[in-house]
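First subunit A sits with subunit B, and in the next complex the same chain sits with subunit C.
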Partner chain A sequence: MTAIAVVAPMVTRRKKRVPMGIMLCFGFVLVVVLAAFVGPHFLTRTANTPDPFNLGATPTAGHWLGTDELGRDVFARLVIGAYSALIGPFIIALSGLIVSGFVGIAAGYLGGLTDMVTMRVVDFMIALPGLLLTIVLVTVVQGGYWVAVLVLSVLNVQGDIRLVRGATLAQRSLAYVEAARVVGISRFSIMYRHIARNVITILLANCAIDFAGALVALAGLSFLGLGAPPGTPDWGLMLTAGQQILFENPFASLAPGLAVVLLAVSVNLIGDWLYEWQSRVASGR
Partner chain B sequence: MRRAQGLRAYAVRRLLLLVPLVFLISIVVFLLVHMVPGGPVAALIGEHATNTATIDAIRARYHLNASLPSQYGAWVTQVVHGNLGTSIFTSQSVASEIRQRLPVSVVLNAIGLALALLIGVPLGSLAAARRGGRLDRMAVGLAIFLSSTPNFVMAIALLYLLCIRVTIFPLGGLGSGFVDEAFHLILPGIVMCIGPLGFVTKITRASMLEQREADYVAFARARGISRHRIYRGYVLRNALIPLLTASGLIIVSALTATVFVEDVFGIPGLGGLLVTSIENTDIPVIQGLVLLIAIWVVLVNVAVDLCYVSIDPRVTFRGMR
Partner chain C sequence: MTADTPLLAVENLRVEYHDRHGRRRTILSGVELTLSAGETVGIVGESGSGKSIFAKAVARLLPRDVHADGVIRFRGEDVMALTPRRMESLRGPGMTILYQDPFTMLNPLLRCGEHISEGLPGGYSRRSRRGRLHPDAVARLAEVGITNPDVADQYPFELSGGMRQRVALASALARDPSLLIADEPSTALDVTTQAEILELLAAVQRARGMGLILITHDLRVAFSVCSRIYVLYAGSVLETAPAVELEAEPLHPYSLGLLTSDPPVDYRVSPLPVIEGSVPAPDDVKGVCPFSPRCQWAAPECLSEQALHLVDVGPARRSACVRLAAIRGELSGEHAVLAKASPPVGPVSLDRPLLSVRDLRKVFNPRGERPNEALGGVSLDIGVNESVGLVGESGSGKTTLARCLVGLEMPTSGTIEIGGVDSSKRALGTLHREVQIVFQDPYSSLDPYQSVGSAIKETLSVNGFDRSRIADRIKELFGLVGLPETYIGRLPATLSGGERQRVAIARALAVEPRLIVCDEPVSALDVSVQAQVLNLFCELKDRLGLSYLFITHDLAVVRQVVDRVYVCYRGHIVEQGPVAEVLESPKDPYTIRLINSIPRSTKPDEPRNKVPVPLSPSTS
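So, the complex of A and B:
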């Protein structure tokens, strides 16, 4: 008996490590997520307890970021506000992911009338001034945060659909799709099992960028008093309120502002990095 | 010759398409009053609609007892004659409020867009020319930072740094006299440009990189044309086409920025007017502004498309060979 040694070819794969900057971005996002979900349990003071002797005070050991115009602790409000900063953009990005996944792949794969109608609607929506439209609708309907989330979810979807459709068109002519068709796999299965797997990365990258856009848009709506109800610890609301005591305690508005910027930059960078990673994988390097 | 004809036919078609679009917009704007919880009466006189005589007067004045189409007819006739109704809050006519505040906003938008183009295009092309270099990485980083910084955050930060910490610029408002007004508009103008600037830089860089690889560049190099001339004469001109197609989005983003910038700096423009009318739920003013903004956006999009097809000779029209 001869033992046949099968020597697997040594796959030398250079380890693609996540760059330092992207690690920092993930780190910051993690910090915000932790702040939103476990942070409130560790706070020594609540977000709505006023300290009447310290209105608009500068940072001290007791109040790390000082107090706001009603003497409430800015740091505590910042930590608790992380939740409403995350939840709305998350819903908007997720709904974009789901809707554009279904519609975009269908438009790209089926072509014909489905494609034409979809792209007409998408082209129309791209020309709409999304944030301005949201501002007007939320004002007129007097809806608040959740109406804003709903409207932004709808007005965010056009870019995703266009992207997924493009990616699907590129996949459609590849050998595996043809092979699947020849074998007799159903259209539904080709679209939502096989093609979906190949376009999901680029879609995720785009959703990260959607998330950042939604974060900025929702903060803007809250800033105008159209998002979170007055009195809730929300970064956009804190910015408006803090603007009035810019002389006394600048951190009351600068800290939430910086939080929005850092979160948006981090998520945007993560999205860009995912794009690049995807195109490297696609080009087989 | 054929192309000029095709172009004219296309322009006429696009302009004719404006008619149904404006009609659609006017219907939506008209219906805004009916979308307010509590109905049109609440929208038109605020929330204190308790006096039946007042309510009846309002219903009669705005033809609210008539059918919806005839209400629309009456409203459109007024609008076409330049009467956009009166503000609930100030009792002034909406048209005159808008007319008073329009110039500042136009100036502010122009400053923002001009700055974005003047800085963004050179920065984007330099970054592309030195791909992977330090300048390139800085430009890319700056573009990402600027496009993810909300303009109201930037406005407040600059207000704090340059008006409170170091008192270089005035705190807000508009001042009086030309020089003073111009001085008051410097900082808001800078903030106006940040969103568009990130966008312009990103697009210019990406399309320069794409054009650089084009065959005509290699050919021009082979013919011995200097690199400088290729860039200035061919690459940049081709690279600006994506910028033109995106300019609709850029102009709209500047428009959105107006609302926040004017709010933070207390500038009495259209953005400021929108914010006050939001705070007071002043529906007639909101209707007037929405009508104005919608028509502006539509016109910008048509103008961009027309510019695009007339500049790019590769665009052909149906029926033209």
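So, the complex of A and C:
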């Protein structure tokens, strides 16, 4: 230690508490995840067994949310439907995260030909009318839910790539990137350790928006009869079917609709909070 | 308003805000200031001292969640009690603020003339916006030294920083304010331009007889312009005194520290006196003398409430130091140390230079634009264990040279030899073992999500350092740059600027280079921290036998750490030689201008420049 050393000040580490609202969002998402993976073990029979004496009935002790137009238990179908509500949007958001992470950072950092080719492809994809194309493809291929997930995955990624590329360009000009180059750290390491860590917060927040968008888009496709095959417990399908008995049992359509809204909002708020929290880590506040 | 009512009187001004957790955080605690009509006072303070917030509080321009209370009287009128409407009409003809950054404070969509017409009486109308200028606009530009009337029709982006600052000043003066608060008006500018702007400010102030508050972090700037100075530290005024007396005999340990740690340009002091540590947050020193944690004279009475009040210590002099009576003699003794110059360093043999640059050219060819020659044939040598300075303004090509040396940029032509080996012929990835660089901005040169220890560990491991010894080596490097080992796991954001710069130095040292290129390594740091880092550089040079290329615009820094100096102007070396020789008897006109632009305190009998100040070629 030298005479001109830094005098270490007291570090006051504040406990960073998660706000109540975000806790509620996490709670709701957790409930949906549990429903999606545990629910089917208990409720599959219930969900698919019609009760011929209670068609479109209002809630009772036996049917917590009443029954649908065929007399099936709405609550059980809501629980089972959580799976398709979660898995599709999750795949869409995650594929966006991974692909745009790799491609966007490479395009932004390497520049030149890599950047030009990537961005022209992205421009082309942006020029496509997304939802229309999805509807046409799903109708033609007849694949239902999984084809819709695939098409939405591909069409979702262009926005993410643009975002990541932009964020990478901003990072590339910062001195820490040059400092890393000067001490001999490889390009790959700079791109996927340093820059990735710095742009991932934006990307995560954006993926939350993607998730919510995909959830609504898939529900919309089901609503149009283009997603999950008829008869499966799917929130979008339930919304359509429930309309016919809106006055007999309003919960048959309200419950899945509300579930879609709550899940989308929760995921969005969690994404925002993650972004803010991580930005605070970097700025030391 | 009677004749003896001060133009501005601030008493017990407290500014607080609520942080995210709803706790009250102090920015200013009980600041006082008086300003007579036609007087120029300086507020000197380091970053975080609250000096900019003071300006905003006086003009009632604080952000919504920041609250001020206390007494602010402008021409005897209570500013805090005014209605927002009344306040709006006071800003402009009453008081106005000139901000630091000339690159963002002008609206890019308004022509310069429009910026000024907007403030002139009857100027803000549709007609002026369509391009017809107020007849006075050109005259107003002439007042700030812009004699070319075409400038009124130009957009801000077409002008240099110094010209923009002039336009901003003209527009601030448009309503003939009786008080101008200038918040670091020259900090963002080049040295030579900086001097012009300061002279202009002083000249305009005297010609108009308006009150001027100059806010700056640089004591030398304050001495050159102001008649009285307030020293602000962690939200409190520690001392106030006439500039001449403060310079001659500071009566607070902090003022003394600021004075002594500001390196002199006329002679070398080795090592530079330093103030340990860095500026605390006002709440961390609540109820005690804010400087006590860093003060070598701190005693129990400094931790009492009475340590917070300014006490008269002479005619027109007030100091907050409670121990002043006891330590006054010691303070002046310490001050005298400044006058002791260290002997200059003997010449280093250049028979076999470590670095030899010959006729280096670098031309940038941006697409669709004219090629821009950043370096036009630069040659320089650096001996083993020699510290060489490269001085020049922004745009002189000095940073381009640095980037070429470390391989971040490929030179267009010319050779760079390090240890006798041509850089361009070196095996890929071996150059950085010989030459390292320390960047200017310690806030962006570290990855914000990587702990500082991990940054050094990564550097060591990519350079094939023995894995089992990495942990020890990190501790050794931290010790070398004077950082506690407890910092290893910390994120950069939790470190101060000076500490981050130490980390950056440790990272550069990790590969055991022979030459370190320092690109303005202290210009982003506070004065009191600058001296610490400069001393560290000097110490490391002696201990490790390093050579430096010190790139800077600050001649005082050059004087302290450099043996030989090159002066760079527009991509060419215009002068070189031992530092004392170049600074004391400069030959090239550019060097002379550079040296003349150093702010110096003006003696009352010294004639000042006339208005308008002529424009230097680089600003037109």
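Note that the second predicted complex is superposed on the first by the 254 of 285 C-alpha atoms of A that agree within 3 Å, B and C clash if a C-alpha of one lies under 4 Å from a C-alpha of the other, contacts with A are read in each partner's own complex, and residues count from 1 in each chain.
Note that a residue touches a chain if its C-beta (ideal position, glycine included) is under 8 Å from a C-beta of that chain, and two chains touch if they have at least 3 such contacts.
These numbers come from a predicted model, not from an experiment.
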item	value
Which of subunit B and subunit C A:180 touches, first, second, both or neither	second
Contacts of A:197 with subunit B and subunit C, given as first, second, both or neither	second
Partner chain in contact with A:264 - subunit B first, subunit C second, else both or neither	first
Contacts of A:226 with subunit B and subunit C, given as first, second, both or neither	first
Partner chain in contact with A:246 - subunit B first, subunit C second, else both or neither	first
A:132 touches, of subunit B and subunit C: first, second, both or neither?	first
Which superposed partner A:142 touches (first subunit B, second subunit C, both, neither)	first
Which superposed partner A:212 touches (first subunit B, second subunit C, both, neither)	first
Subunit A residues within the subunit C interface of the complex	1-2, 4-9, 11, 14, 174-176, 178-186, 189, 194, 197-198, 281-285
Complex contacts: residues of subunit A adjacent to subunit B	126-129, 131-132, 135-136, 139-142, 212, 216, 219-220, 223-226, 239, 242-243, 246-247, 250, 253-254, 257-258, 260-261, 264-265, 267-269, 272
Contact footprint of subunit A on subunit C as seen in their complex	20-21, 271, 274, 276-278, 280, 294, 406-408, 429, 432-433, 436-437, 439-441, 444-450, 458-459, 462-463, 479-480, 482-484, 486-487, 491-494, 498-499, 502, 504, 507-508, 510-511, 532, 535-536, 539
Subunit B - residues contacting subunit A, complex	32, 35-37, 144-145, 147-150, 152-153, 156-157, 159-160, 164, 248-249, 252, 255-256, 259-260, 263-264, 274-275, 278-279, 281, 283, 286, 290, 293, 297-298, 301
